[in-house]
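One structure coming up, written as structure tokens, with questions to follow.
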Amino acid sequence: MLAQQLFNGLVLGAVYALFALGFNLVFGVHKIMNLAHGAIFMVGAFVGLYSVTLGLPLWAAFLIAMVFTGLLSVMIDFVAFRPLRKTGDAEFAMLIASIGVEMILVNLALRASDARTLRFPFGIVPVEPFFLFGMRITPLQFVIAAVAVLCVTLLAFYLYRTSFGRQVRAVSSNERAAMLLGVEPRMIYLQTFFISGLLAGLAGVLIGLAFNSINFSMGEPYLLRGFVVLILGGLGSLRGAVVAGLALGIIQTLSVAYFPTGLTDIIVYSLLFAVLLVRPNGLFGDAVSDARVARR
Amino acid sequence: MSLTVSGVSRSFGGVEAAQDVSLQVDPGRIVGLIGPNGAGKTTLVNLITGVLRIDRGTVSVDGEDVTAKTIVGVARAGVSRTFQNVRLLTDSTVLENVTLGLAQQEHSSFLDCMLGLPAAQRDRRAVRDKAMQILADVGMVEYAHRIASGLAYGHQRRVEIARAIAVKPKYILLDEPVAGMNDVEAGEMIQLFKSFAERGIGILLIEHNMRFVNALCEQIYVLNTGRIIADGTPAEISQSPDVIAAYLGT
Amino acid sequence: MINFFYAYQPLIDFFLLNAGFALSQYIVLRAGVFSIATVGIVSIGAYSAAIVMKSLGLSIWIAAPFSALVGLAVGLLLSVPLARLRGPYQAIATLAFVQIVAAVALYAEPLTGGALGMNDIPKQVSTLGLVFALAFVLYILGSLSRSRIGAIFDALRQDEAVAGSLGISISFHHALAFALSGAIAGLFGALQAGYIYSIEPHQYGFVMLTMTLAAVILGGRRSIWGPVVGAAIMTFLPEIARPLAENRLLLNGLLLVVVIIFLPRGVVDGLIALVRRRRTSAVTWPAESSKEVRT
Amino acid sequence: MRKLTLGLAASATLIASSSMSVHAAEILVGVAAELTGLNANVGTQTARGIEVGVEWLNANHDMNGNTIRLMIEDNATDKAQSMTLLNKFALRDNVHVVVGTSSSILALSIAPRAEELQVPMITSAFAPAVVEGRKWVFKASDTPARMFQSIANYTADVLKPETCVRVYARDNEAYVEQSNVWARIVKEKGVEIVDEPSILLSDTDFTAIATRIVDLDPDCLHLAMTPETSANFVIQTKSAGLDPDTLIIGGTTMATGFFLDAAGEAAEGTYSLADYSPGGINELGKTFEAAYEAKFGEKPDNFSAVGFAEALVIGQAIKAAGDNPTRDSIREAMAGLKDVETIIGNGTLSMVDQMAQYQMNVLTVEDGQLVRAPGQ
């Protein structure tokens, strides 16, 4: 059973990493605590579901959902965050704007779904598990792991191998300096929010499919776990988001498997506390703000 | 009785930002610290004032070892400073910036403050008057209620100096205090710094404006690539071959 | 007309409670501590007061100060591990604390009643009691704001290094902010327990956390009236928007976005800034001595 | 305030009563329902059931000519708003009856206030604590112990599993209590509970627990959670390799259309407990289903049936309260209801210690349909 649970943990970790990737781009790069990210993820699942119910094939539903949430994310940045960016100290103001956006999206989803939990139609994805090294793997678990690996490599390639990626990382470390060197911040924000929305939509449809339940409040639990993953891994660090995502998945699964299930949350969040005591900037985080108290 | 830096070194991954630096500032004396850009002057200030960790060597204030103390510890030992690029509280007024320097000298208890007792109010009034007096010394009284960030660069410098002196320090490290000031304003500062020295405050002046340094300092240290390459009176310094080489390049 | 007042009395009481929670969240934000632990400490305060009042049968006059002390202690305890964290790291660490408190409240069934929570807590808190408690806390925070502590909190929020370089202890004042915030949270947790007959873990979760934070930032982070105005907005808005029934959340969300864009520093601070900009007063200090210096 | 003036008949009677016959009055009923927030799903269904119920009552004129004016307001699954609504209904709108929330937690916080204001309050919340020590508060469902006795006895006496695993949603008091009651009764009858993991209603990924259960390979699996989560749990446990002939037993939430739609064939052969058997067990049940489908375009579920039953109880209390019903006379009448007609349970209901008592029946799923389980 341990092997099976470890595999389950890896898949759950892949799910958290997938969700955190998009989140990392906005929260990590621009330090915006975007509480609407959970709602964008939920909208992705809904758009995917409605495309399927309109008769479109599954791959088309994925594409539509991803593009929709990508554009939605860009629009949210344009409407809610950009006006605030001009006012300088806007860290808190953006947090509240994101809460407002989350409330709007959740209410729209609630009205659209009549507060009901919906699901993808049966048989849209093969369910028959196959066996590998004595472990039982359902096709969806395999797809999630594969998609997560694919997204991580694509994002890593984009961030570390393309010129756009370099500009994003420049903006992440020091926006003003990057602007002085001719980086056009509007383009960067457009891109990071689009990609972040795109990944959230992908994660939304995939998770909606894998756990066959889509409802208006599915975003919140993943948002909370997303925060933990990003802080554990360290803000702005892609490697951190992946490692922390996988670690969190495994630890949560093992604690559910071997401890009384009521303790899961306590274990996961106490772990976060413990890591932050030792590493105030997360496992791989760059020093977001130096701790003044001690000499650096 | 002096601010003594002996054998202080610090490297950032191979780069020797400070190598075995030793210097001394006595009370009531103005000591200059000059050197080309990137020589490590501000790094040295940060090492002394507790911002940066010291790898080797010690810093002591009137005999008290502050090598490991944090910025708060060093400040409480009697060392005050200004910053190379002015750091005022942008949302607060000029007066509020200066009264912040005097906060440590209030003796009303936390309870007085919490309950708004007369002791706390008396403290606040006394502190406000002292701050006004200090602002008068730097000629900034009529800007007292203006928001600090709205002031001209030279004025912001003066407010920062006023705030640094408000702490009643034994020693004060001025990091390019007249940078961005025209000659008239710089001239006024000479008067002011001399008045500080007369009050027994030891001053370490980090500055590029040689005319300003020569007018004020009896002793000058020259720093280049993290090492003290010369130290003496302004006259000796201006002839020293090492200094000329450092500035003009070989 | 009296009936009208009585009909909406709970609304006023909940506004007073929310204002208390907002003030607890406000004091840490004002000192530059990005902590959202208030909701967790309110929960601890409410549960300890409920246990004191229900199991031990003591009055609110004992339960409230007791919970305030418990809150203060929890606040101080929290400030130790959080001292070295800054910005988002501090925020998420305190979010973790809130989640731990909720999970423990759910798990420790014998003590906290688990998912059903604690019920039939004797109601001992009246509107008058709430007004008195809020006035008391506002007086304290007002005097603190006018004293050196307020000035130091503002300095820490804007630039810790500058405050440190003037000999002001950063960790002491952060711990002070945590303690004050904890005490206020504990006090109002007890008052809520004594008013609302029953408490349960879900009540002190992510929704309350975001609403309390929104109240402070919407209202204003510097003046003590900011959180009070913010709490009023967040409490009365759902009632005013009642005709929209199920779509009220939509209006709430829209309003949050619109108000924060036009007044990013919050309603109260935004308005104060407008007034202050119009009234730029030049001061003349005793004229004769200032003439002398300017040569 | 979604003022729902129901049909021309209601307003006609209003005009008539003011001028002509004295005794036909308009009874005001205020409903504090969870239309948004976490319980929005259950709240909306219950409110719709009440709406259809009141429409039927007004249309059938058998409440001594009185009619009901219904006011349904959203409490956003929030304690503060529920208390404000109760106060507003009782003091400003002067309602005769308040219909409390379907969530026990909200009901527990407004029940004391209803008692203080002496306004009759009926709620579909499950916790008996809502009515204990109070005179003015009624429950539209029985105590969990009495309700879940039938399925627990059925499990132990008819299905006779040796080992069982029970899984419950630890963050919802209704499901925690359901699961505890079932476990206590089956344990007394010799069934061994080998594991009792719990989940959160916000969880969607149950692979870890499913693997743990498959490893234990119990004879039966008892679930106490929402319809969709139960379906999700059954599907994930079966796909994790649960032995196909493991008995799967649930509570009232698995006797719903939602569960059947969400679980698909995984629901086949599962056992559940029904307030309401789909299709209705009597004439009234069939009219309810027709009226509901006509108004909302979908089949009603367990929660809407309970809502309808709540409305019936109010109607019958008003009828029994005689002329010019007041809060007090309605309360007294409601407390004394004996063997009145309803659509839940086996069709008759009596108010015992302010709790509606009716015979629950065990259902099973045979080729996609909920039917009465054999051997009851």
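By written order: A, B, C and D. Residues from 1 in each chain.
In this section, a contact is a pair of C-beta atoms (placed from the backbone, for glycine too) under 8 Å apart; a residue touches a chain by one contact, two chains touch by 3 or more.
It should be emphasised that the depicted structure is a prediction, and the values quoted were computed from it without experimental measurement.
More C-beta pairs in contact connect the chains of A-C than those of the other pair, out of C-D and A-C. Chain centres here are means of the Cα atoms, and by that rule the chain farthest away from chain B is D.
For the pair chain C and chain D, the distance between mean C-alpha positions equals 38 Å. Chain A and chain C have centres, each the mean of its CA atoms, that are 30 Å apart.
Chain A and chain D, compared by their mean Cα positions, are separated by 37 Å. Centre to centre, using the average C-alpha position, chain B and chain D are separated by 74 Å.
Residues of chain A in contact with at least two other chains: 107, 110, 220, 262, 265, 292-294. Among the residues of chain B, those touching two or more other chains are numbered 51, 70-71. Contact with two or more other chains is made by residues 106-107, 161, 164, 170, 246, 249 of chain C. Contact between chains, as defined at the top, is found for A-B, A-C, A-D, B-C, C-D.
Of all residues in chain D, only 35-36, 38, 40-41, 43-44, 170, 197-200, 202-209, 211-212, 215, 226, 228-229, 231-232, 235-236, 239-241, 258, 262, 264-265 touch chain A in the complex they form.
Interface residues of chain C, counted against chain B in their complex, comprise 139-140, 142-144, 146-149, 151-152, 154-155, 158-159, 161-170, 176, 222, 280-285, 289-290, 293-295. Taken together, the chain C residues at the contact with chain A in this complex read 29, 81, 83-89, 91-93, 95-97, 99-100, 102-104, 106-107, 160-161, 164, 170-171, 206, 210, 213-214, 217-218, 221, 246-247, 249-250, 252-257, 260-261, 264-265. Listed in rising order, the residues of chain B touching chain A in the complex are 50-54, 68, 70-71.
Residues 292-296 of chain A touch chain B in their complex.
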